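Chain IDs A, B, C and D follow the sequence of writing; residue 1 opens each chain.
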Amino acid sequence: MQPTTNKKILLNEVESRKLLKKYGIQQNEYGFAKTKSEAKEIANNLTLPLVMKVVSPKIVHKSNFGGVKLGLNSLKDVVEAFDEINANANNFGVSNIDIDGVTVQEMESGVQELLIGVKKDDTFGNVLVVGLGGVFVELMKDVSLGISPLSESYIYKMVKNLKGFPLLDGYRGTERADVPAFVEMIKRVEVMVTEEDKVEELDLNPVIIKRNGDGCLAVDVRIITRA
Amino acid sequence: MQPTTNKKILLNEVESRKLLKKYGIQQNEYGFAKTKSEAKEIANNLTLPLVMKVVSPKIVHKSNFGGVKLGLNSLKDVVEAFDEINANANNFGVSNIDIDGVTVQEMESGVQELLIGVKKDDTFGNVLVVGLGGVFVELMKDVSLGISPLSESYIYKMVKNLKGFPLLDGYRGTERADVPAFVEMIKRVEVMVTEEDKVEELDLNPVIIKRNGDGCLAVDVRIITRA
Amino acid sequence: MTNTKEALDAAFKPKSIAIIGASNNMSKLGAADLRKVNDFGYSGNIFPVNPNEEKVQGYKAYKSVLDIPDEVDRAVIILPTKHVLKVVKECAEKGVKVAQIYSAGFGEFGEHGKKIEQDMLSVAKQYGMRIIGPNCIGTYCPSGGITFTDSKNPVKGSIAFVSQSGGIAHDVVSNGDTHDIYYSKVISVGNCIDLDHSDFIEYLLDDSDTKVIGLYVESVKNGKRLAKTLSKVTPNKPVVILKGGRTSAGNKSVSSHTGNLAGDYEVWKALFNQTNTLYVHSMEEMFTALKCLQYLQVNENRNIAMIGNGGGASVLATDVCEELWLDLAQLEESSIDELHQLGVSESNHNINPIDLPARAITANEGQTFTKIMSILANDNNISYILFHINLIPLSNYMNLRETLSNMFKQFDLLDDLNVNVVGVLRTNGDPKLIEEKLNATKSFLSSKGIPVLSTIEQGLFGISMMARHGENEARKEVSYAADY
Amino acid sequence: MTNTKEALDAAFKPKSIAIIGASNNMSKLGAADLRKVNDFGYSGNIFPVNPNEEKVQGYKAYKSVLDIPDEVDRAVIILPTKHVLKVVKECAEKGVKVAQIYSAGFGEFGEHGKKIEQDMLSVAKQYGMRIIGPNCIGTYCPSGGITFTDSKNPVKGSIAFVSQSGGIAHDVVSNGDTHDIYYSKVISVGNCIDLDHSDFIEYLLDDSDTKVIGLYVESVKNGKRLAKTLSKVTPNKPVVILKGGRTSAGNKSVSSHTGNLAGDYEVWKALFNQTNTLYVHSMEEMFTALKCLQYLQVNENRNIAMIGNGGGASVLATDVCEELWLDLAQLEESSIDELHQLGVSESNHNINPIDLPARAITANEGQTFTKIMSILANDNNISYILFHINLIPLSNYMNLRETLSNMFKQFDLLDDLNVNVVGVLRTNGDPKLIEEKLNATKSFLSSKGIPVLSTIEQGLFGISMMARHGENEARKEVSYAADY
């Protein structure tokens, strides 16, 4: 039952974000820059603070070697970040030829960070994983799983079954988060992986959920496809 | 086996903090002020930003009705906070006669918030509860329990058994926290509740743990004693 | 093409069977298969196929299935692996509705075997024949006279079991009589090259003899179809699954969080939750669940009353209740009054659970006990009653068989029970006591729809399964979005 | 003051006993108590006390304990509640070492009863007498000829059990013989007004007949002492606790986080972890744990090898292993070679777990099976072996008793096993098979130090308990601070 070729491809961030856009999955504003001046131009059109991330087929774990710069509050920061990212990449043996460029993105914050993941299971096909991001997922393993297709009502149930759900629901007088927007995003992710059959794994991590009514945004994405 | 009188007393913050001091349990710098000018004077001797909390036998859950003001960055903030706290208390039917005053405290931050609790169990006596603060305790119930007396090695084990322990141990490249100081604080709490037999329940919540070597500080305390 | 229903009708209740590989050498598997259906009382035509014999075990033998003059509903193929493909082709040509291939050594042995499986499937499809297996021990159906075991007990029941392990299919049947569990159908599915888990489950949904479905599964080829099938079946009949290979998949190296979080068994659990399928972790739990579910009257509440002898036992039972999220029922005032009048309870003590000494349980030939049961059964706050009797003290000072017989005859008074009753008869494992327990169960309790378990923990686990299914039923139409 | 050791020596192995309330009316409890010790073969002096009889069951009766001409080690008081205080005083005056008060209706009934308990305790202290109970059924000690049950089997074992429920103390003994579990001492502790759980456990630490201690506890008065006692005992003998009333305390309203987080059972679990005490959640688990622990050779590893018949069973066993944090052992190369040579394994298949069909298990009168066991037993990577045999296929085609007897006789070749072996003999619950299982266990396996369980899950649970204790032992001296 296994395909004879098992080759997998990690889409780069720009390709991944295009896919999100195609399916109406909200993301933070960003642009792709090959050069420093392009980076400055993009930065000029975005709202500060910004984030810059390297785009290179040779670099899988960007943040592990200085491929990500957060909290850029000025054009000067942007220029410096561009140089630093390139220098860091070089230090790790990635030459400029292998660097496609960088993305410049608006840095977002909200009520909570969330995760939406998809894994193509050999038996059941697309399995959706939702949870609160960061330590809740990594240390507490607080996630809900669902096998596609999923009804909207079941997606709500998955979200509400999270131990951390109160953090989205006005826990201790904090802001109530936009759970309906999160559910909508999960639905769109499900549509996307159903249509885009080659997608084998997907992580939207983190997704920033804002106050109820203000939506939620994917701010990092990672998509692996079959060749 | 039950004492005939079951009356319990909630110590106020000033009394509680004196008890901590007696047993060498580190806490953030603070002062107690009956008047606005006393509050200003205390604030003058502390490092900004500050926190102000009401002290009143009539107010048990201070933050529920505006009895706590965070992030005071100037003397002006301090003065305003004093007035607001009094006004809030009045609005909730607590007259000025029932307000002893306020504490003015340094606002601390660190690697993580922790909890140290003690409950006097009918069968086993003092039971210590340690955990990461906030949602880890409240939603994830991620705590370790130990019955007094506890060896230092067992206290380490309790701390390391927490699911959230990696957050103190340099998780994902974050700062390593001062676990030995936390263990030392737990030991001192144990000594305290052993000596102070009337203590029935104690919460140090949160305890702010700093980078390794920088110690940890109790920033809120709640002690209930037998009459 | 024989449709699935026709094929499985032929597998469970065939008008005629060909046993290809039947033999007079009783140490051969093919000989055993013929002997077993014969002993089991199969009443249709039996056609042994064996090129070297005139007669097999008294039946006229045929050189080939093609030589059989009559129609053949079902063929069983018990031959060395290398002969199977040829015979499958002959069966297909003959117009056999369903061929069950006992022989092993195909897909499970690698690529070559997989190729033969594909060839068998092609030829079967060409002629419209369906295949069960290969690598399976077949079907068991008391009402059709079909079996794969030496179990001589042809009692018809309402439980169906689908097993991906032949050994477990065997165990299921051989445990039936001694656990007072009786089956409508049991099937060993083998490699599922044609008919698979989902086909069997779907068939059982429409099978009027089947009330509850159990499943032992290690892997399925088409998970999405299984999910769809379960969603269709569980609103009508409870399905209980034991998944084998929960942890064996090993950790393939995965490059994303999601991959790490969605381990194989986690995905199966998602399936169970999404489709309201019940699941268990051992065959012991499976037997308990099936036994209880066959008698379930759907009830969405989780309120339980308990009565029995043994103070420590009651304390432990209360703990287990809470651990299984069952609620001790708050009895109606009228029930409490009646218990007081009977002298069972006083003020606020001994109301639920009720601790009743052995002597009180058996007093008045069990009339007091039955009276209490009747009070509980008529209490609207109670959805489940668990009674537990430790037989050891009873056996110490009375004739156990007579005592139990007198007691449980009284249960006839409990007409039209509108609660679910589960009985626990505790023993110390002494074979003699176990025999008395089984006798009481079969003679009195099972006819009243009361499942009997061996420990209080089992009884409560069974109730938790019933309650879980009851909630699923009640919740069928609720939209979770609506209550956000 | 009689010290605890003297008092408990007198409770378990008294030179003489007075039974106060002994009677010729055999329906009375006092009559039963005398009859039971008599039947059990107690060889010391028995002094029935009954003011209305000259003789009781053939023994000279006394009006009062004070009239007995000889010394009295142990007195049992089985009288209506109102007479107990007076008789306790007489016992104390007489110089009785320990009085066991069977009668109930004291502290558990409220303040008045508590007052009488205090009075009994005062008078006992005044004269130096110790008290067991009240509200308890007493002590059981085969080597002392002392019992509280009708169980006639005076087999001496190495398991001690301390129970806060009389019913459970009864069950423990009555389950012994049918579970092949034998006791050094069993005690029903009652209200513990004087001697309590900690006294008994401390006594058992020094008792050379006792290797393993089990405890059923609902509540203790002095938790700190229990903690101290357990810390002292568990480095020397494993202690297994079943806590009754885990969830019953209800949620008192608490005003702090800590109060909410430290529920009653959570504190007990903290106790268990801190003192390296093993804990279980049912009496079934208790029996399994005690049975396995009595044979434990301490081993700090968790590496297990499994062998038996039933493919599905092996798959499920592997799952349970992982769920209990047991590791399937990676066999040594030499063992793998030998298994290949035996034809059991091929290339990388069927090495651990080893799936061996019924016919192969019994082949050559069990010699192949024993050979495999011997390979596993000599493999340094293996700490535990679980063998599991489903008796049903064996019973279908051979004389089961003879087969098992031949097989297990072979085990004599496994001299000086340096691993822990646990056996599982699976049946379908048929009383006849259970009898064969018990016979094989008693005749061959228990003498070789092999505990026998009924399901693979039980066997693995037992091993997980052994491994847990082994780890605790190995970890005794490790300081956790050191490795931070």
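In this text, contacts are C-beta pairs under 8 Å (C-beta built on N, C-alpha and C of every residue); 3 or more make two chains touch, one makes a residue touch a chain.
All values derive from a computational prediction rather than experimental measurement.
Ranking every chain by how far its Cα centroid lies from the centroid of chain D, the top place goes to A. In whole angstrom, the spacing between the mean C-alpha positions of chain B and chain C is 57.
With each centre defined as the average position of its C-alpha atoms, the distance from chain C to chain D rounds to 34 Å. Along chain D, no residue makes contact with two or more other chains. Annotation for chain B: no residues touch 2 or more other chains.
Taken as a graph of touching chains, this assembly is arranged as a ring, one closed cycle with exactly two partners per chain. Inter-chain contacts, as defined above, occur between A-B, A-C, B-D, C-D.
Within the complex, the chain A residues that touch chain C are 1, 10, 60, 115, 117-119, 121, 123-125, 127, 129, 131, 137-138, 141, 143-147, 150, 152-154, 156-157, 160, 179-180, 183, 201-203, 205, 222, 224.
For chain B in complex with chain A, the residues that touch the partner chain are 135, 139-140, 142, 163-164, 166-167, 171.
Taken in their complex, chain D has these residues touching chain C: 150, 163-168, 170-171, 174-175, 177-179, 216, 218, 242, 244-248, 281-284, 309-313, 315-316, 318-320, 322-323, 390, 392-393, 396, 428-432, 434-435, 438, 455, 457.
Residues of chain D touching chain B in their complex: 219-221, 223-224, 227, 254-259, 261-262, 264, 266-267, 269-271, 274, 478-482, 484.
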